[in-house]
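Labels for the chains are A, B and C, by order of writing; each one numbers its residues from 1.
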């Protein structure tokens, strides 16, 4: 996946851009009226913003790494119905920090990690499938999916949604994982055309579940169009 | 409408594909944990899945025929905000059966019937209108629209939504039908840009209402672009 | 922005079309069953319909002028998740009137004013920003945004949503305005990929806030693609 050379807009708030029409921004001192209206904890003087047109899973997993590596916390995760005409979500993730340098560092880590976390998104003209995996879930995966912190965590997405149902079923049959939840167009998504399953458990089992879902998903999505491809490098 | 030759993914769960980026899948024995999380009645050992990027009305009407013709029941109907950048929905419909052969037969019937039920979808670059009609509504139309079972049922869709308002008004003025309901972007749709009216009554009256809506809808949508066309064969 | 020459569909209900795949329609006497089901006040015998695939802010501000200039009232404002694959909304706005001539006049005024209110929408392949301003808010801005009637009102939109957060923060810091509210993908939008801030106050302050948001928004959106451009003529 090619990443555009970052253009500098001449604003100190700008951090960078990345794949998926993703942009990172920091605000050193959020306006007090705005801070209160948004309901953020007063201890976060600074916020970091990660926003994208395409992708929610990649951004949540990238932020999960960012909060492990930096002195930031996840304030909110909102999913738009987007992907620029595709079947999925865009995302708006807010990090909180006491110092703007921490907020900036958190967003930098997340932006850089997106190249990795987009690695297992496979698409064709008819839809997409997505896989994510981490050996040790942190606060972003906990907030978005109820993932137990410190344990292995994985998710699989199928779009159109019916493909996701079969991916989740195959995944949980293939390995001894805890099925944490399942989201569908009318339940737990922003009316996206996706079914999303998320799993916790031992690292080997979670990885096996995700790999099984990938095999099934690529085959099923391929029946609706060309061979599904990733623009990146698979990491799972 | 051309239908792609079905590719076989080498999975027993795969049933087939159809117009609208539609895919049919069966699961012989849904994983027990998944079954419970989805809240499905335990009597349905097997499920059939009909999922699409484009189309909700065509899929609900096709499934309505499928449940008449096979030993299956409608478990759930969910509408994604989709149509690949268009103004409408995609769909995820789950059928339940005691035997996988029944689930497969139900999905086969529905996939085949989509060619018919897409017949009265007329589109141009600005939007679409859609008409559906059945002389005898069954359980899918009942679940999705509250259609009285066994009576004639029809619906009309206009997108952008304002066209649908005028279609519904003209339809109910043109024939003595029961107006069962009306859906709009913020009420009863998944924020699609549609107004949908649904009618019950005597067969001749329902058909007249739908035909009137079609005449009005084609004219209004045509003011925003080219002459609205169907990719299929009108059936009403 | 070029506006297509209006095609006449030969329906008395048709009023006209405008930019944004917008259509205007009037119904002289809404069907009584439909009127009741929609829950409209019986005093509105006639309704005017303004519906679009692309744009909500431009339509609300245009209708705000229409209700000032004509004998009509705003019955409802619904926002679809649309913009034809873009990040924003389409709209369905219903005006009520006692006489169809008033409803028609209201829709005519709104359709004509869209050319102006689309003037400060700046887009590129990655998203859009939008600004609106009025020296004297009326009933449409009041209904949609809680704008105090008779006072200056402004709004700013950023998409992808993160750009909007920074626009709102910069706007409220730049001038002494009342921040009436902020909408985001999961709160107050139809899951659009936008953050929208809306302001009230003295005319000069509101205008300053909006101008600041525009400067910031154009710079940030430009980092994701080409220089954001308007198809129209800026009016603020």
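Heads up, the rule we're going with is that contacts are C-beta pairs under 8 Å (C-beta built on N, C-alpha and C of every residue); 3 or more make two chains touch, one makes a residue touch a chain.
What you see is a predicted model; the values in this text were computed from it and never measured.
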Interface residue identity across copies chain A, chain B - same or different by half: different
Equivalent-chain rotation between chain C and chain A, CA atoms, steps of 5 degrees: 120
Centroid spacing, where centroids are CA-atom means, of chain A and chain B in whole angstrom: 31
Chain C residues counted as touching two or more neighbouring chains: 81, 84-85, 190-191
Interface residues, chain C side, partner chain A - complex: 81, 84-87, 126-127, 160-163, 165-166, 168-169, 172-173, 179, 181-182, 184-187, 189-195, 216, 219-220, 222-225
Footprint of chain B on chain C - complex, ascending: 6-11, 13-14, 17, 21-25, 27, 30-31, 33-34, 37-38, 47, 49-53, 78-82, 84-85, 90, 92, 94, 190-191
